Amino acid sequence: MNAVDVPFYRRVEDALTKTRMRQAVRHTSGRAMESRRAAIAELDSSDAIRDQARAIRSRTLAALDQHLDTFATNVEKNGGTVFFAETGEDAVEYIRRLARDRGIRTIVKGKSMVSEEIELNPVLELDGFEVVETDLGEYIVQLDGDKPSHIVAPILHKTKEDCARVFKEKLGASDEDVAGVPQMTQLARRTLRKAFLKADMGITGVNFGVAETGSVTICTNEGNGRLSSSLPRVYVAMMGMERLVPTAADLGVMLEVLGRSGTGQRLTVYSNILSGPRRPGEADGPEEFHVVIVDNGRSKVLASELAEILYCIRCGACLYACPVYQQIGGHAYGSVYSGPVGSVLSPALAGIRAFHDLPHASTLCGACREVCPVRIDIPRMLLRLRAEGVEAGESPQWVSLGMKVLGWLGTRPRMFNLAGRVAARAAGLAASDGWIRELPLHLSGWTASRDFPAPAKESFQERWAKRHGGAS
Amino acid sequence: MTPANRQRMRDVTGRAVRTGLFPGGVGPHPHDHQPPPALAGTNDAGVDTLPTAAIPGTASTAPPAAGLPRRERFRAALEAIAGVVHEASSIDQAASIVAGLAERLGTRAILSWTDEAMALPGLTAALQARGLSIVDPDVPQRGDARPPRLAELAALPLGLTGADAGLAETGSVVLASGPGRSRMASLLVPVHVAVLRVDRLVDSISTLLATRGDLVAAGSNLVAITGPSRTADIEHTLSRGVHGPGEVHVILLEA
Amino acid sequence: MRPARVQLLVTCLVDRFFPGTGESVVRVLERAGVTVSVPAGQTCCGQPAFNAGHDDEARTLARYTIDLLSASDDPVVVPSGSCGDMVIHQYAALLADDPEYGPKAQALAARTYELTIFLTRVLGVTDVGAQGTGTISYHPCCHGLRGLGIAGEPKALLAGVHGATTCPLPEAEVCCGFGGLFAVKMSNISGEMLARKLDAIEACGADTIAVTDVSCGMHMNGGLRRRGSKVRVEHIADVLAGEAPGAKERS
């Protein structure tokens, strides 16, 4: 997974200037949070079901080797083919070769974060295949040469005027075609239908694989997942290796929380469980059924203290909840996976050096952990990644120096107090009315938007010692 | 999988899970504002005077319409998402409803599952008696004839299916694939009508998958359809009838 | 059993920046019938190092603080949600592999309480004899809210302030944007989050916003001052100890 070349602070500066984008993100996040809050509250003892969902993820991953093995066996029993892709390139190669060998011309794609992670589309397009994203948001992203900014709502950052412009520029749509959201939706339906009807290969992501039945589950609202997996003669499911549950009953629990947490719906419109190619006597369905199980760094995460991030079911709730994401939007993170989950997953998959800023783009407020349907402790892992960053030498010099000083002074209370008195004296010179308007050097960021209080001349402990003598 | 590929998957994954950390408990952090446990012997009166209503998360919210019979919950759930619910007490009455819908749509040709697939003997005959014709869903698997033939089917205004189960909590109909069970009838057409026998209603997706695992294995495809196709991708504004049917009707059939 | 004595972990920010708040904490606890001792030689709980990923320094400070607070078995009261979370949860995690300090950290955690939790849950009081005027609202600092589960406790205490009324704060649970070093390292994002919080504060109609942490408080007050606002953020101890909220001298 490649990090964007522009440094994080510049992407953030850029994002903060995009007022319309920020308004769109704030507005939509607010509405999404409202609807998911109501939906989650409906679940009788929603805490218990989230605990259950977490337990399923925990025990599945703890024995993932066995469950993947069972899964592969059962997919093959159903007449499907499985390929374990250790790297993104392996997965891309497999699909390219398959498409070439089967004489594929048009590929329709349902939403797949994994396919974006491994950058599949550009390779297939260069090979000469027609590749059409069919999720409405992803379609608009594709038309505009843009990138998605939220894992569930890809065009969270675009207003409807932005979308109208894209349709007019790229499809030659008329003003009537883009008059409003219903019109734009119908335009997309008409245009994409042509692709669905002629496509010979369909590629989708997987919400959950089910080991006991050899199935893959796709949840969509639009129907593009169903169409992509029913009409073309070759179907490929791209599954992150961790996206598995052991049994159909486990799947039922996950489906109870996925829709509610992700989009505020009790269930997405289509919850589709696919178990292999069409069977004898079936009127439709793909002739070929391939599951590409993608590793691409996940096994490394699985082996580490950060394995908990792999519990993620990609509902997107943590993005909506995050007050930082709400300010800067998804693109600023410079990764396919943005927001709180992305701040852990991106450096976990690609290495801390590639994404060393992301774990610091957080106040550790814990809103993400609070909304997560599987209770992932994201703040714990952000802290772990910050520590890894320090070990890798990514801590800025002034911070490292400051921390060394703190560590040294912190066990020498008289020195600590003396340092405080010195700082108070210096600050007293710079302060007016007890407040400082401008801090120097690396601390100047504070005073860009707020005053800084001058330290007190006498500390609490100094006063206490005076009052109570030597005794405490 | 080639044996080498499968072995590689086993090795890589097996090695990883030996050292990974997989916390299953909730961890040290209280969630959803659970108050910390009071000390033993604490002044209970003091604790009780806390205005518990002020502590968010302690009020429990029951699922809507809980306690009502499944068919009523089903109706409420499906109508809340713009689905339409009809009631029929016989196969013949169901046929009337379908014919009425077809007439409203100005069509005589519809896509449909077979009687056998729907377990509704005589339904096709009843539909034909009302002037409807069932289009053959057969489509060439490949070649240039395929897209136009698919387009012909897609142009049909109405698709009729049975339902293997219904989910009361969400207003969903559950359809397995199989012989005589065209997927196109619930997917390509703009209006989908499903005949659901009332005795096939269960509570929710989790009860279905916990008790009817056989449905998953029944065909190559099992789908729970919950109302009309929709999207909110553009400014979180709801729009219906994106790729799947924009109108969903369920005929609740008294067994 | 109601403890008769507690140790105060004053916290470095209260100690050096807001000593008056420390005195308010003592006053409130004494009014509630508890004797307060202040173990000498307190420095910093280590949270800044921990949050910056400098675990070694964090452990050094953790061990030092544990020793300081373990000379006595008295319960520890901390007037801060974030320092409280550090001692109650993070120390044990940081020192999990330390055979000597791991158990000590857990033992300390079991008898450490944030101030509002101590007053309401341990002592069982919501009325600490506070007098006030005007309207008070409450902003739940994140570490206390989600780390320690502090929810209705401060509100119950504020409802007990004689002479003052309370009002809700819109978007109360959205982070103010302080986040420690984040406020300086990611100061542009922090500034935007601050603006959002201050807009809500100025719109809610309160004269005083009570908080459990002076760290978040100084970030918000710094911004309110910049705006020329009359609203002030006060540590809840100051509100509960003072005669009139909003009139707090700092040194």
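The letters A, B and C name the chains in turn, as written, and every chain counts its residues from 1.
In this text, a residue touches a chain if its C-beta (ideal position, glycine included) is under 8 Å from a C-beta of that chain, and two chains touch if they have at least 3 such contacts.
What you are looking at is a predicted structure, and each value in this text was computed from that prediction instead of being measured.
Looking at A-C alongside A-B, one finds more C-beta pairs in contact between the chains of A-B.
Centroid distances from chain B, each centroid being the mean of CA atoms, peak for C.
Each chain gets a centre from its C-alpha atoms; the one nearest the centre of all protein C-alpha atoms is A. Look at where the CA atoms of chain B average out and do the same for chain C: the two points lie 49 Å apart.
If you average the Cα atoms of chain A and of chain C, the two centres end up 32 Å apart. Taking the mean of the C-alpha atoms as each chain's centre, chain A and chain B sit 26 Å apart. The set of chain A residues that touch two or more partner chains comprises 366, 369-370, 380. Contact of a single residue of chain C with at least two other chains is seen at positions 93, 145-147. With touch defined as above, residues shared between interfaces to two or more other chains in chain B number as follows: 29, 31. Contacts from chain A toward chain C in the complex involve residues 9, 12-13, 16, 323-324, 327-328, 359-367, 369-370, 380, 383, 385-390, 395-396, 399-400, 403-404, 406-407, 409-413, 416, 420, 423-424, 434-435, 442-443, 445-446, 448-461, 463-465, 468, 470, 472.
Listing the residues of chain A that touch chain B in their complex gives 24, 27-28, 31-32, 41-45, 47, 51, 54-55, 58-59, 61-65, 68-69, 72, 76, 78, 81-84, 86, 134-137, 140, 153-155, 158-160, 163, 181-182, 184-186, 188-189, 192-193, 196-198, 200, 210, 212-213, 215, 221-224, 226-227, 229-231, 233, 241, 247-249, 251-253, 255-256, 263, 265-279, 281-285, 287, 289, 293, 295, 299-300, 302-308, 366, 369-370, 375, 377, 380. Residues of chain B touching chain A in their complex: 1, 5-6, 8-10, 12-24, 26-27, 29, 31-32, 60-64, 77, 137-139, 141-142, 146-147, 150-151, 154, 167, 169-170, 172, 177-184, 187-188, 204-210, 213, 216-217, 219-237, 239, 241-245. Taken in their complex, chain C has these residues touching chain A: 10, 14-20, 22-23, 37-44, 46, 48-57, 60-61, 64, 93, 142-143, 145-147, 173-175, 177-196, 218-219, 221-223, 225-226, 250-251.
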